[in-house]
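Each of the next two complexes has chain A plus one more chain, namely chain B in the first and chain C in the second.
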Partner chain A sequence: MKGSLRSRLTSSLFVLPYFLCFCVFLLYPLISGIILSLQNNDMLGTHEFVGLQNYIDIFTPGTYIHDAFFRGLWGTVKFVVYSVPFLILVGLALALLVNSLNARVRGVFRTIFFIPYAISATVMATIWMRVFDTDSGFLNLMLDKLHIHHQQHIGWFTDTPWVWIALVVSTIWWTIGFNMMLFINGLNEVPEELYEAAKLDGANAWNRLTRITLPSIKNVTAVVMVMTIIASFNVFAQPNLMTRGGPGFETTVMLMNVFDVAYGQHQGGAASAMAILLGLIMMIVSAAVYRLLFRKEA
Partner chain B sequence: MKRLNRFGFTVAILVLVMSLVLAACGGKKESNGSSASASGSAPASSDNSGGKSGSKTELLFWTPFSGPDGSFMKSIVDNYNKQSDKYFVKYQIQPNGDYYKLLDNAFGTKKNMPDFMIMHLDSIPTYAKKDLLLPMDDLAAKAGIQKSDYVEAAVDYANIDGKWMGIPLDIHPLIMYYNKDLFQAAGITAPPTNKEEFLAAAKKLTDPSKGQWGYVMPTQWPQQFLFPSLVYQQGADLADADGKPTLNTPAAVAALEFEKSLIFEHKVSPQKVAQDGEVKLFLQGKNAIQFNGPWMKDQWDKAKLNYGVAPIPVFFDKPGVFAGSHNFVVPKSQTDPNKLDGIGDFLKYVAGHSIDWAKSGQAVASKAVLNSEEFKALNTQQTEVAKEFDYVHFAPPVPNWGSYVGELWKQINLVLLNDGDVKKALDEAQAKAEQAAAANK
Partner chain C sequence: MGTKAKQAGLILIATVLGIFFIVPVIWMVTISLKSDAEAFLPNLNFIPDDPTIVNYTDALSGGDLNVPILRWIYNSLLVSVAGTLIVLAVDALAAYGLARLDVPFKKWLLSLFLSTLMIPGIIWFVPQYVLFQDLGLIGTYHAFYLPFTSSAFGVFLLYQFFRGFPKELEEAAHIDGANKWKIFYAVLLPSSKSILSTLAVLTFMGIFNDYIWPFYASGGNDTMQTLTSGIAVMTQGSYVNSPNKLMALSTIATIPVLVVFLLAQKAIVRGITQSGIK
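And then the complex of A and B:
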């Protein structure tokens, strides 16, 4: 009896550090965020409880915060739709490529593809602004040499749909290393015998990929997908630094507007309500994706 | 026994983790504590045995000068600390982009508050109306600082409800930079001073086949400085006397029509200019003229450009230019008379010694320094900037003004990119500004 109590205590103690961190870094901010969203808070020391007024304002057409929320949401959703498929497909493709290299150079390429992930947002933005600038950018100068769009340059940051292409390409370059690493780990888990057996049965490379590799890494894929969706919903640095939300408000994403409402308007409560609604939407979308992927097994 | 060992091991690990966590928290608390004691009434009580700084009152000073300008302010502070035997100014640079976030945090949580700090002039109304800033009148009177010591425009603006809320350090208006080599090649001898000269020069300097442009029109930043300047030059403003936005006036329409005409009618600017596009082309010697702030000097110098500086041409009826300004402010929570005396002492010193700040390329607001031989001897930028001081305008003194005009910049962006309808765009900007005003309870 005494022993089992002690062992139960031991196991709870193992969880305690994580639980403490969870409380300090997740639970506490979340709860204070929810409380904040129920206040009229100028972030400068004065606040009053207003109940659900901030949420009501968000759904009342014609208010400042209504437009900030729905325009921002539209921009963010567009980015999610355009970026997530590429972030997953390119990540998987890179993982397959790197994994098919011989072991000696594999590490080198893994590192090369992962390096941009470690670069700060400002550096990433500076690099890609040099590539995509309309008149002095590397890309348009290359196109000039090939006499493509020579008369009128492509506005990579100033025209739709180019601006989305530019944002997705720079995002892929910046973050793809992370997805690639997860996929590589997944690929390493697939038992080698399956491939050998398939080869003996005469399965070609495409069949091995679709019949063995993809089903085997389904769990990893689901995780990557959910994490990528969450990351893309949280897009901020790329449009904030490179397009400044332009052209017009085309790429003005949700977090830019949350920031504007919180620190430009000094309406902390309203900004928090926007952020919490965005969080809810992210949770619903992630759950739906997860369900969709595992529907057959359930 | 084995189980006991494992149990002991777990406890040990746990103690380690807990102590790390607590150490982090403790560290935070300690720093809070020290700042609390710093804003208490007792003079700094650090026991630096025999250390001279130990007996000085420490004044925590926040600035957003995380760029190249930071070291210029540091040399002022260092020199002040060397000559003062009563006060020690602790100079703290906060990252420029996060400055107001950090300041808001300090105001909101009432923790880690600096004793005094730099604030942009057009942010002062936001904080003054919330009663977060200490009027400077008493502090200035005691230190022998007078309003007439500084350029009027900044002093007048900081005079809110009859109280002086901020003491100016500098004024940074939009100025004209031009590429001297391109001017010479085109046979232009002097920088343009009005619309006709500007158009003539810009057309001469434009050669699309070489990818060279007379004036590359920015479609984003620094429109925040350019567009209002063009409105002021017509005797108009972006808000009326009551602080209500007036973004679709005939003057505003004329200003934007003129900007648009440079791209689509006079064709002295390329189309579809991206953020910083005009800066990149200026650095490459493919943009002859650009309007930007005095803070760009460092970039041009590093690129070894042969450039000149001049006041913004008068495009409409009269001179007028948008400006920002760095000001010293004191939080309302600061009540320690000893510290207030120290802040006054430091600001008095700065008024006499801000020449070091002028060396960063800025023109300072202290008349004593502006009129000094030392200032006049600086290279041309600072003196050219100071020429604009008679007709500088600042953003309307409306709390949270930035959120009123967020839509305006987006609409200007769209008009300049797509050859859009000016009146319609400005009507839209006006409608959104009114929404923001309604939300600004």
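And then the complex of A and C:
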């Protein structure tokens, strides 16, 4: 098919529409984001070049940007640390459970566990705000019935550590189906002969899990881990809509502060600098996790 | 014997977990069917004492919520469908070109597109907003769907599929004198329905459910919200005091995606399997 200039020209026309969309709506904003981070830009039309000042401000204690960045980073890192282990372990556990069910009911439960994934962030938040509400929420009413914390309701969105439990539980509910599906796909690729051989050798269920299943799905686990870490670094909707960053600044995460600095404080340049630093941190962490998981194998 | 008991035990565990996943959704519908008075009573009845659909009729007619919900539904469906169609067209053309045709700098372009899948979107969010502001598109429909056309996800997904497509069919058509366009729409597209529907479903859900971008892209204009960004605004405002109305709205917002999701579950699973990324 390699051919004339004319042929190459007509072939290029296939890629051209996407190429234009890509350049205008992604590449250009990406590059101008880097330029924006070197500017003082009020997002209303006026801007001036300030060099690395925004980055210097971020690392200068006492500035608004410094507090916004490090408070946000701390909140985000906490969420990553609290949520990622559960999102991976529960996802794997659900996949193992679904796969060990009878073929007849397997599809039903897979769908049930996966349904919340179809629900939008705002609906998810609206639902869980009614579940976790202190005075009339589903959960506290339930605990009343069971005579737990009857005298004093738990402030799911207003007290630590409950606020983190509430955020992690709602996140698991909302997103775990996706990780489960990836794990199910991985489990289905493990050759059946391995299990049969192990059974003949008299290996019990635990041994089959740790010696055959887990090593066989190592690649899937690495992908799930990196994707989950990235998703958790990007956390926004849950704290923004449900806890509004509280109590205090406890659950104020980075993306909330990027939007606050950009649209609340009208400092587009500083917001861009914050976003770029967050992006770099995310890329370094995911690359490190990936390397770590694959180096062990070698 | 033993295996039967074990299976029953597993189904029991799965059922208990299933309740955790389903009850919040049922609770949403329950609250949406409660009267104003009952919505504030602290009770756990899954069936309201006096079920009413007034929250739905109120919501759809604007009612005392005084928000243009029908307009939001129209906005959501319009931008989701338009966005999905454009993404499908643009991505399919590009993926076919990159997978099969003599496009100059093919390898270079492909790695440029794919490398952006690793870069967190927050880096270009604010500048994208500035761009749309400069173009004067904030508060218009174009602002809602255009950013989605730049994602390399669909190109990657379709590229993977087209690369594995048997060459013989194309060659036969080529010998019959068909040109590239004809081969693309007469041979390739009809054989790619399943992967195209996968991309369509994922794109539709992505645009319909997104609320951060439409929230800013609407320019704060009430009539230019989508269903999801509109509800986000309402949860933060005075509507906190009308949980039943909010839940009716949420139920309305969930129905289209849930229908698409349940009908196209296989397509979604295929997308997850084939890409391994999202």
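One rule holds in what follows: the second predicted complex is superposed on the first by the 267 of 298 C-alpha atoms of A that agree within 3 Å, B and C clash if a C-alpha of one lies under 4 Å from a C-alpha of the other, contacts with A are read in each partner's own complex, and residues count from 1 in each chain.
Heads up, the rule we're going with is that contacts are C-beta pairs under 8 Å (C-beta built on N, C-alpha and C of every residue); 3 or more make two chains touch, one makes a residue touch a chain.
It should be emphasised that the depicted structure is a prediction, and the values quoted were computed from it without experimental measurement.
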Partner chain in contact with A:Y263 - chain B first, chain C second, else both or neither: both
First, second, both or neither for A:V105, with chain B first and chain C second: second
Touching partner for A:P17 - first (chain B), second (chain C), both, neither: both
Partner chain(s) touched by A:M43 [first = chain B, second = chain C, both, neither]: both
Chain B or chain C, by number of chain A residues touched: C
Chain B versus chain C as contact partner of A:S7, first or second or both or neither: both
Partner chain in contact with A:F132 - chain B first, chain C second, else both or neither: first
Overlap of the chain B and chain C footprints on chain A, listed as residue numbers: 3, 7, 10, 14, 17, 21, 24, 43, 129-130, 135-136, 263
Partner chain B, residues of chain A touching it in the complex: 3, 6-7, 9-10, 13-14, 16-17, 20-21, 24, 40, 42-46, 62-65, 67, 129-130, 132-137, 152-153, 155-159, 242-249, 252, 260-261, 263-267, 270
Complex contact set, residues of chain C against chain A: 7, 10-11, 13-14, 17-18, 20-25, 27-28, 31, 40-44, 89-91, 93-94, 96-98, 100-104, 109, 113, 116, 118-131, 133, 146-147, 149-152, 155, 179-180, 184, 205, 208-212, 216, 228-229, 231-232, 235-236, 243, 246-247, 250, 253-254, 257-258, 260-262, 265, 269, 272-273, 276-278
In the complex, chain B residues that touch chain A: 3, 6-7, 10-11, 14, 17-18, 21, 100-101, 104, 107-108, 110, 126-127, 130, 132, 211, 216, 219-221, 270-277, 280-281, 284, 286, 399-400, 402-403, 406, 410-411, 413-414, 417-418, 432, 435-436, 438-441
Residue ranges of chain A in contact with chain C within the complex: 1-3, 7-8, 10-12, 14-15, 17-19, 21-22, 24-30, 32-33, 36, 41, 43, 94, 97-98, 100-102, 105, 109, 111-123, 125-131, 135-136, 138, 141-142, 145, 173, 178, 181-182, 185, 223, 227, 230, 233-234, 236-237, 241, 255, 258, 262-263, 268, 271-272, 275-276, 278-279, 282-283
